[in-house]
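These notes are about the structure you will find just below.
Order of writing sets the labels: A, B, C and D. Residues in every chain begin at 1.
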Amino acid sequence: MVGQHYIKLLNNHPWFRIKALTGKESVGRKYVEAVRGEAPEPPKDIAEMEVLPTDPKHVDADVVFSCLPTEAAREAEPRFAEAGFPVFSDAAAFRMEEDVPLMVPEINPDHLQMVERQKRNRGWDGYIVTTPNCTTVGLVLPLHPLRRELGVKRVIATTMQAVSGAGYPGVASLSILGNVIPYISGEERKVENETGKILGRLVDGRIVHDDVDVLATCTRVPTLDGHMESVVVETEKQTDKETVAHLLSEYVSLPQELALPTAPRRPIIVRLEEDRPQTRIDVDAGSVPGMSVSVGRLRVVGNKVRLVSLSHNLIRGAAGGTILTAELAKHFGLLDG
Amino acid sequence: MVGQHYIKLLNNHPWFRIKALTGKESVGRKYVEAVRGEAPEPPKDIAEMEVLPTDPKHVDADVVFSCLPTEAAREAEPRFAEAGFPVFSDAAAFRMEEDVPLMVPEINPDHLQMVERQKRNRGWDGYIVTTPNCTTVGLVLPLHPLRRELGVKRVIATTMQAVSGAGYPGVASLSILGNVIPYISGEERKVENETGKILGRLVDGRIVHDDVDVLATCTRVPTLDGHMESVVVETEKQTDKETVAHLLSEYVSLPQELALPTAPRRPIIVRLEEDRPQTRIDVDAGSVPGMSVSVGRLRVVGNKVRLVSLSHNLIRGAAGGTILTAELAKHFGLLDG
Amino acid sequence: MVGQHYIKLLNNHPWFRIKALTGKESVGRKYVEAVRGEAPEPPKDIAEMEVLPTDPKHVDADVVFSCLPTEAAREAEPRFAEAGFPVFSDAAAFRMEEDVPLMVPEINPDHLQMVERQKRNRGWDGYIVTTPNCTTVGLVLPLHPLRRELGVKRVIATTMQAVSGAGYPGVASLSILGNVIPYISGEERKVENETGKILGRLVDGRIVHDDVDVLATCTRVPTLDGHMESVVVETEKQTDKETVAHLLSEYVSLPQELALPTAPRRPIIVRLEEDRPQTRIDVDAGSVPGMSVSVGRLRVVGNKVRLVSLSHNLIRGAAGGTILTAELAKHFGLLDG
Amino acid sequence: MVGQHYIKLLNNHPWFRIKALTGKESVGRKYVEAVRGEAPEPPKDIAEMEVLPTDPKHVDADVVFSCLPTEAAREAEPRFAEAGFPVFSDAAAFRMEEDVPLMVPEINPDHLQMVERQKRNRGWDGYIVTTPNCTTVGLVLPLHPLRRELGVKRVIATTMQAVSGAGYPGVASLSILGNVIPYISGEERKVENETGKILGRLVDGRIVHDDVDVLATCTRVPTLDGHMESVVVETEKQTDKETVAHLLSEYVSLPQELALPTAPRRPIIVRLEEDRPQTRIDVDAGSVPGMSVSVGRLRVVGNKVRLVSLSHNLIRGAAGGTILTAELAKHFGLLDG
């Protein structure tokens, strides 16, 4: 599922061009046959590309985008980095490694500097840069401006996540039709740990994790794409609805200033209607569809901010977020090797 | 929808017998025709009953159960109470009135004493007793044993509510298929206010509301029956998972001691599997199906208790809860007028 | 729902420009407020347009597109036609009137000639042109080339229709979640009667209905957009799968030859995979999205052709089909009045 | 999924008692652990049973019920039959074998006689008796009385099948949410071939297949349980709606006359409302829930009968149909070995 969004976003990309696709069971087949039945038509030239083995020997490219399952990523990504490739990955395998940046380009562009230390540490010519779990992104983006201006002590979040987040075949229809499953293996821990790293400060080449206390409950609901999150943020300062709406809707950062190709004009779109955002209607929000997080249902009492956020788990939460990170890396000269 | 559950629960009830059904547009038609197309067959003798006007003049009965819409309840229920009927209502109209009990029989059986003051106040021969919003019930039942033993300072809840909670026709299929709508009109305020009243103490015939601080976010999801709630409870004492599981699973109260016909053996069923309760699978839990609240996903850190509760919005949250309340009233001699 | 697709298709249309929007309850409000909550953002300039009464006195335009409910159409459309407007309508009110064309531009472009007789008959300066029921379109388009080359004696169809076909609020979520409803009021009769008129021959200014025998069963399924139809066509000649696939995939007609703006390059897209078309994946098929009918599951034995067709009920089956008809009328000089 | 219905129906069965459960990956675990997460609680004593290997050496029982996947059935069922077990199977592996009965107890009770020839042929002490594909049952049951009284030349059917028909995990939620998939591997051929065998005559110990011509199109829709079928039956005699309704609703057969424990009082329930049967509402129809086929939408013109049938794919279409067959076998003395 994520791979299809990579192809959609990279096809016609001003800076990147797809040179190779790799796989496992589908090696040797045309891409269109490898994914058939599960998706609308891919672009013609991509459709005809032969799927290669996931092996640096077989790949000729300047950048590698990885959306491998965790175990496969743990094995393959270091081989590519060692072979000199810059690897941009939305896989979970290396996110929490001490010398691997975990990037949301609007929040922690400076963390990219860590790749130099990583290369030295590991003796690699290339490097691995990761992006967070899809659920983390929809939480941490609205947290960033609130934390900067108001301070954030504690975050309590309940998520309602779409089935595409579990990949294909993922969740059985028998399990989810007309149902809510209040558990997603490993997800809560990821959201809780990744948030602190992304919001952390780079000190002497190392990240000091932010001490925000995150309590998450992750549920699966019968929606296709788009993770909704109901969030209570306990801020350090007292605040009010107008202030919060202003901080969120005015929020822009380096990717916007640089006008990176995949950067949406507004990372956060504030909805003031009482019943938005809605998963199906707002999932593609943004000047780059699916790259903005929609935030609504703002209710503020004292230092308790309640909000509902919605983000596209396959775009901002995966393919799009990783491509935006690679664009930022290119701006910093990290793709010039 | 609720009416059908009243009929199912009252048919073959050991204490009550259905003597009359009332309606509005359907007056004069047989019950089976009034509901046709929307439900499995009603019992034969009920099916043939003629729908009467909602008017005390036309009704011959000892007890009235009301599941009227709020506005209709506000007009009709006092006329029945004035005419001498004990009215047991799951409508919202009178829940927060100062002299009207808001009942969860396991929690506040003593609140029923208020009907005497209500009768005097209003000069009625009958009285109105209410039961809470369907979402409040799934929250307040697990809160009760925790509050008694651990103290409860604050509750943060996100609900995932089924479409049957909105009645028929209720939510348009175009609005909810593959979607989550993070807003239900008036619901959050109800949950927040009703909780304090139900947990309140009766002092000199008046209820002193409990000062628990409840912050709710209510969402609609594409499920049929069953409201799920993801809850964080901040307790006064430090605690742990075993203590909480024990308090919840051992919880019984007066309806269980009296073995009232509609009382489940366990008001709260604790699930220890990591992925339960689930809406579709657990909605009918309980020795009286749909009368128990299922609670799972217990995670405790210090004084923060995280849990997920599931309750049947039409049974424990409406028809069943109200019938159980009438059973309690009968035990107290309040139906002997 | 249909109105939103009119706006999407007419916005940036090379020949037409939206000059006015009319309504009923929403008169006097901005369009964006009239539809709020139910749709993604409309284009800015349309969003700000004031909704006018559905009355020829208030409307200044060269063409009127109508997607009124049947009863409202029966009343309003003649008033517009009488006032000199060419009215292009997907409403059911006048489809079967003897002097009103019922158009599928690829099939019966010559039927547009009837408007002259209609104007004379009724003494109108304008006229009414209709397009068929959304379900008829997905059936009659693949029938056309088969009938021309092979003859068609009988058609047996079962439809699986999306909820958007019932408008908003339309089908209650309680009725359709996890359900199939094998009945849509009036639908089968429409499909059966309209097919004969569309395939009919114009003889002396009158349509001689085709005598094809159509037996339809129409069901509602929990999909959002896109009507699927499982069809058995009994042809006069024996045939085979290759012939049928060729006839359907090579089918083009006058709108394609004229390259009308809303004409898809292929009215029928033949899918040879064993499990296509699928409602959610293929609903937007076509060079003009939603204007092509996807046909697959071809199985031919003797003179029995089995196929599955899928068409977008709001685009080819409503807004798009009607706009394409107006484009054809413009080509014939019928908009020059 | 089917296994759970076997347990529900056999638990408290007057004639049969569950003595052993067998499996594959789950061998050695308790039953409750083998199915956990996917179903409501099994009965206590069943829950604690240890899952045994699917091997005659490990099983001590008088009858074997098999709901194995096709390939596993092809291997295991003969081993049980050879070892002397009567095997009643809803698996597809042996249905079309020349000496294996394919049973719908109301239609072809005499076919059970074939087991004697089967035992001789194969030199087995036991035997295999099969029941049809879940989709065949909902078609062939209403065909039986029509064929007897009116003759049936041709049947054209489109099915709308629930996801539980594909087992667990079966259909991916990503594939079916908001979608219709007009293809189920192998299903159409099964429906077409099995119908002729079930309706066939036993001549000299062999079945002469009925020559009814069946054309089926099988689709998957997002429903949980219950296969709906839209059917056109071309009868030999002209008929009318009243005759058809009478033939179907009065239909009873040997299982009803013998009052077998799992036989519903009415094998076919005729619904005269215009919008029934509906999948979710009518799936459990019958005095033995899920054992009756609901038939509605009767429309008759000349010799064309249109109807919609609904049957529970896991009960009448699997576990229940097979248990009813075993009950019939017991009546015939075929379990006395």
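The rule we apply is simple: a contact is a pair of C-beta atoms (placed from the backbone, for glycine too) under 8 Å apart; a residue touches a chain by one contact, two chains touch by 3 or more.
As the structure is a prediction and not an experimental result, all values here were calculated from the model.
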item	value
Chains touching both chain C and chain D, listed by label	A, B
Chains contacting each of chain A and chain B, listed by label	C, D
Remotest chain, chain C as reference, centres from CA atoms	B
A-D compared against A-C, more contacting pairs	A-D
Length of the line joining the C-alpha centres of chain A and chain C, rounded to whole Å	41
Centre-of-Cα separation between chain D and chain A, whole angstrom	48
Junction residues of chain C, two or more chains touched	177-178, 222-224, 275-276, 281
Residues of chain B touching chain A in the complex	156, 158, 160, 177-183, 215, 217, 219, 221-224, 228, 230, 232, 274-281, 296-297, 301, 304, 306, 308
Parts of chain C lying in touch with chain B, wherever the complex brings them together	1, 38, 163-164, 168-178, 222-224
In the complex with chain A, residue positions of chain C that touch it	36-37, 39-40, 177-178, 273, 275-276, 281-282, 284
